Every structure is written in C-alpha cells, then in structure tokens.
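Just so it is clear, A, B and C label the chains in written order, and each chain counts residues from 1 on its own.
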C-alpha cells in the first residue's frame, strides 16, 4: 500500500494556487462576468479589474502598465516574443542567439524559426550551466536581431548573468528577451535596470492559476501580433480576456514579490539542509548546476548507477512528488538536454533527481524526504547491473 | 441615477460561468493542482481529469476523444486551424476560401496568411447573411486547400448550410473548418455526419470559463503545430494544461448539449416575443439576418436615424446589457463588416442593436427591455437631425 | 500510467539478483539510453531451474524483467525461447505504448542468455527471428 504522506517537492513543475488567489478570482466567473470589450457597467468592471492586474504585474517587474500583455501562459509568451520580433525585424537581419539549455518553448520555437529562414546560434554553457558573455560576444553578427537567454533554468536552477547580457545587448542595439517563468517570486526582477526588452512569465509557477501568463514588451519594441482576431490588449493580443485568470495572476504576483527575501531565505535553508544530507549520506552522488547562483528552492543531483523514473516511482510510493531528467520518464529518447549540455554522461543524466521546494515545505518534509530517497537509491542500486559491476571493480582494485 | 435593474442580453459576447461549473473547477486549483505531465499521483489525477473532459467535449460534437485538443479559446483555435493547415498543405496549394462575415479571429488570420503567400477568397453572403453553395463551387480552384465558413454568425445569428458545405468539401477532398464558437449549446453539432474536418469552440460562450477552448481536428488531417514547446496534448499543443479551465469546459459542454431542444425552445420563444414587439411597436425598424435560420437567442435590428453607441448607453443606464454593430462603439472607423456584407447602408448599420438571450432571461426581462428600448429610441430620434429631416419629408409627401 | 500488475512487479520484483556461476548470461541494452538488463540462467536437463535478473531502467523495464523471469522459470529452453515481449506485456496487464520497448529488452535478454548457454555447451546458437512484434525499431537507442 502506498504511503499516506504527501510531500510536494516539484514546485518548478507547478504550484498549488494560493487560496487568497482563488478567492479573488471567484467573483469574476459568475457575478462580474462581463466581456471587457463591451460597453455596459458589467463590462467596465471587468475592464477595470484587468487594468488593475496589469498594474500589479508591471509593479512586480519594474515595468509600465502599458508594457504588459496577458497571454495564456509561459509557452505563448515565449512563442510570441520570438516569432513576433523575428518576423518584425526580418528585414534587419535573420540571426537569433539563444542558449542550449532553454525550455522547449524557446528551443522548439527556434527550430520553427530555422525552418522559416532564420539562423539560430545555441550558446553552450559551462559545467554549472552558465552562459559566458565572451561566447555571446563572439556569436554576434551584423545580422543578429535578438538574444533570448532564460533568467534561470527550470531543471538545474542555474541563474544567468542577466544584467550583463542586458547591458551588452542594449549597447549593441540588439533586442534581449528573457524567459523568467521560473524566476518570479524567487529572485528580484527589474526590467528597466536589467535592460530587458521582453520578458515571459507564467502564473502557475508562483501560486497563481494555470493557463494565464504575460509578456512584457518594452515600449518601442517592434513586434508582430501572434494571435490574430479582435482588438483586445491594445490590438496586440486577440481573444476574450481570461478575466478570472488575469485577476488571479495580479494577486499572485503581488504576493510573490512581497517579502521576497524572507520567504526565499527560509526555502533556501531547507534546500541546503536537504542537499547537504543527500550528498553526505548517499555515496556516488553529485550536484548538478551551480552551487550558489541557483534558484533558492532548486536541488538537482545525480545518483550513479540508477535510473530516474524508477526512483520517482519509489518516491511517489512514499508520497513524495519529484522530477527527473531521465529520458525514460519523458517518452523521448534523449535524457534532459540541460544535463547533457552541462557535460553529464547520458547514463549519469539518467540517474538525476530534481527536488524543487516551495512555501508549503517544512523541516519535517526535508528529513522524511532524505530518509526515503536514501532507501530508494539503495534499493535500486541493489538491482542495478551497473552498481554490481562497480562494486566488483572496486573490490578488485583494493 | 442608474437603474437598479440588471438585465443581461449579451450572451453572444460572453456568459456567466454556471455555478456547477465553478464548483467542479475549484478542487483543481489548490487541492489537485498537479502538473499533468509529471509522474506522481497528484499528476495522474490531473491527467485523468483532462482525459475525462476531452471525452465530454468529443461526445458533445460527435468526435473521438483523440480528435480534441484544448486551446486558450476560440481565437487560438481559429488561428491554429487556419495557419496550421495552410502551412502544412502549402505544397498542395495556396488558396483558401472563407466568408465575408467571419469573426475577426478568422478574417485577421486570413489577412496574415495573405501576407505570407496565400490567396484568400471572401465569399459574399445574401441579404440574410447566408453563403451560397454556387458561390463556393465557383470559387474553388485546383489550388484550394481549405474552406473555413462559420457555423453561425455572432452578430446577426445567421446559420450557414454547414452539412451542404461539408459534403461538398469532402467530395472535392478539400479541408473544411468551421468556427462553431456561437453554436455549442444552441444547435446540435455532429462533426462526423456534417463532414467537418476542423471545428473551433470556446467555453465562455456556453456558461463555461473564459480563456479555455478546443479545436477538433479530424483524425488524419495534416496540421502544423502552432504553440511550440513541451509535449502536451499528444505533442500537438504545448503549454502546461489549464486543468481547472479544461475541467470547467468539460462540465459546461456536457450541460450545454443536454436537453438542447427544451432549453433553446424556451429562449427562442422569448426572443420571438421581444422581436415581434420591437418590430410592431417601434416604426422604421428592420430585422437583420435570417428570420428562421438563426441562433435561438439572437435578435439583431436596425433603428433608422439613430446611432448604436448612444442607444447602448441609454440601455445601460436602464440596466440592460446589449451590443451594437456601430463603429462608434468599437474604436474602428467602419461599422460592422457583417452588416455591410448583408447590404445595409452604413448609416443603417450604425443604428443596429444586438440582443442575445440566454438561460437567465425571463418574460419579465423581455417586457422591461422592450419598454426601455422603445423609450430610448424615441429619445434619440427626438434629437436626431436625420429623423427631423425624415419627418419633414414625410409631412411634405403627405 | 502503469497497471497494478506493473507496479506490483516493480515494487516487489521477483528473481532479482545474480547467479554467480550461471550456466548462461545475457546482457542487453546500453546505459546511454537508460536500458540495461542482465539475465542469469541455471539450466539442468534443458530446463531452466533458476533465473535471476539485474536491471538499470524504468519501472516498465524492472517489471518486465521480473515478469519475464517468472514466465520462463521451470520451462524448457525451447519454451523459454518462445516467450515474446508481447506475452510479457500481456502478463503485466499491458504497458504504455512508449514503454513496449522495455519488454522487448526482456525478450532479448532471455534469448541472449539461452544462446550464451548453448555456445558454452558447444551448441549452435538459435537465430533471432526477425520482425517480431517489438516496436523497438522506432525507439531504438542505437539510432
């Protein structure tokens, strides 16, 4: 029988919507349900709620209200940012620079653009997952119109040198987009100070609802529309506005950036405890990503000789929700492109475990999780032919 | 002081989310919040909820589950259907046929496609707003890859001869897409019997939530992806699924198609009462659209000599939520393209009023609305120079 | 996504371990793509009297190994040779389509172990019949 425990350590995948957020959304379903595009009172109320949420998003990232456009989530924001600017600037150039460890919403969009006449450079990253400014500098050509580098990585949590990249791009007059989907509520963001031209965010990653996000577009940036239709969002993004979702995003982002330091310090401390215990108590384990330049709740380790999906199944049985970069869990043939990009051999990438902590986690969770992970790793190693070989080899060498 | 009354007669713009739908959505925000792509129990529950909703949508329109893809709404469905098939079939041909009275989500997408190498024929409609099969037949070329004709029009409510268009396209081997956003819960839909290859729908038009919709794609239809990224929706539509929205859509569509006849008969009767009274009691008024082939709740009339936005403001003051095809209300310079397409002179189009009735309307609403409309029209005519001229001319002719 | 049977065999794998002086050993897969399986056989009078496995792989791979060893235990080599990946998957009450190749691994592991035994005993190895039911081709790691 599976465990009665239920410990959620997959906050980078999604988060529980905060009850205050749901509360704030509720009236906009059945009471104040007016279509914001209409003229009457009910509609004006929806319109006002949207503008209020827009201001909250703008405030949270140092933007102006009129620079915020609501979308259906991080994926749409990424698609729009890249395709919209690429096609708008096609006459200026056809070269785009991104990194090898972006989310698929960026990478697959880049592949689409490659099929439509664009050239894309995928910057390598160092062993900790960071892009080097020298590589960026070397990749620039006179055809470069856009640089898109994520603020922090969803798998290994590594934070990129965003202010440096922003300053560099601004100086060269090249647009700079950053996918900040993992960052809101985890790190301070200031689009003006950081010279960011476009920024993607998604509410469900910071205790807001799924299916709503935003794209920040700095005033003056040329960008084509992506969803064509009605005149919503200042004629830039068509479709009846998801009013409850937008209201929820507004409340969630306001809460997310409040007392950021206090909240993230607590989560960082929990993460560090868990990480230290795992590294000390489980042999043949390595940390993936950067030791300090990483998201506060993110922990990514590889256990040699075992496979991640099996590990997740055992942890699920123990009531722990986690994630892996193993190909076996994804239905694709390749293990995580991020783990390969930081130089992990495929078989080590297979044995990776991502735990992402959030507001609901406690010290008790951490200690329970550590015990269970240890047991599960031991159990899987006991049935692993790779571990058997390793033990034999080790005893021969003695 | 504005009226305390509140009568909603704009159900084609959007609807109040049914309280049972909201109820069904609630657990998926904060309790069962798992990301469906993950492996653990919480995630499997989300996945199962999505598949359950998919089945409900499929059942409602005579499709198979695996032919339903969730989107962020009608606009995304329309964009995907047209751009996705157009680019996938580009090698076969570059000609698309649509109608002159489509929603902007279709028309603006067609304009986008025209900029990207496609040719689009906009079929005219007759004075009632119907497309003629002869015109469609005449428009077909050996380059025609797609026909997109809406099931029923959002402004004048006119229903198109969808089964005939479907049969015709199937026979010619041309893809047929229909925008059925206004139709779910109003008319029976059977994609198999009607030979429909792609169909767009949007939950908030049938008492479901805003920001969620679906595209039906018949098995075997070739279509490019539109939102690129993760492997969701069988690798066809990326982005973390809006689980509460999808669940809400499922419940809403199941309710929408239940007892369709009973519900729509009641609404049709109310609409007919209102229409008859308006036409009889207010002179110089005409009905726009088809007398019988129209959506049960839709009423669209033009009052000569007055302007729609003014009328809406007076009605809003009286607590009535309605819509107009006047340019003054839309921020564009042209009055409704639909009203112009059925041959209305621009000045008559300006004086149009759309009332769309729904489940919450009563006989009392109808009688109150009729009285208030009459008063408002009289008041505006009293200040209209056109009406003054008309009165003078009439008295001269007498 | 897995059936109860798969989860049972995953949580309580049968015949897991190593036979140090096995009569036949088969290893298939490669760690790069996350599948590696080793099958150990003890054969007496043409009958598989003992079988054990070691597996590095997903839940389906572990469950397939466990089930496959159950299916061939006590069988003649001829009978064991005929146990297909489909039979393994069916005995597990089905596998998700993308996980069918994990059961192919089990079938191939058994074949390798049997042929290893035959070669060690001076017999001709049996020929893998081509084109059997596995969907390994489109999911093959070697590509």
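Criterion: contacts are C-beta pairs under 8 Å (C-beta built on N, C-alpha and C of every residue); 3 or more make two chains touch, one makes a residue touch a chain.
Molecules present, by chain and UniProt name: A, B = Cysteine desulfurase IscS; C = Nitrogen-fixing NifU-like protein.
Predicted model only: the values in this text are computed from it and were never measured.
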| item | value |
| --- | --- |
| Core chain by centroid distance, with centroids computed from Cα atoms only | A |
| Taking each chain's C-alpha mean as its centre, the one farthest from chain C | B |
| Between chain A and chain B, centroid-to-centroid distance (C-alpha), Å | 35 |
| Between chain C and chain A, distance of the C-alpha-averaged centres to the nearest whole Å | 39 |
| Mean-CA-position distance for chain C and chain B (Å) | 56 |
| In chain B, residues with contacts to at least two other chains | 39 |
| Overlap residues in chain C, where contacts from two or more other chains coincide | none |
| Residue ranges of chain A touching chain C (in the complex, touch as defined) | 305-307, 309-310, 313-314, 317, 326-329, 331, 333, 335, 345-347, 350, 382-386, 388 |
| Chain B contact footprint on chain A (complex, rising order) | 2, 6, 8, 10, 13-19, 21-22, 26, 29-31, 33-35, 37-43, 72-76, 78-79, 103-106, 108-109, 111-112, 202, 204, 209-212, 225, 227-231, 238-245, 309, 312-313, 315-316, 320-323, 329-332 |
| Touching residues (chain side chain C, partner chain A) in the complex | 2, 7, 10-11, 13, 16-18, 27, 31-38, 53-59, 61-62, 98, 139, 141, 143 |
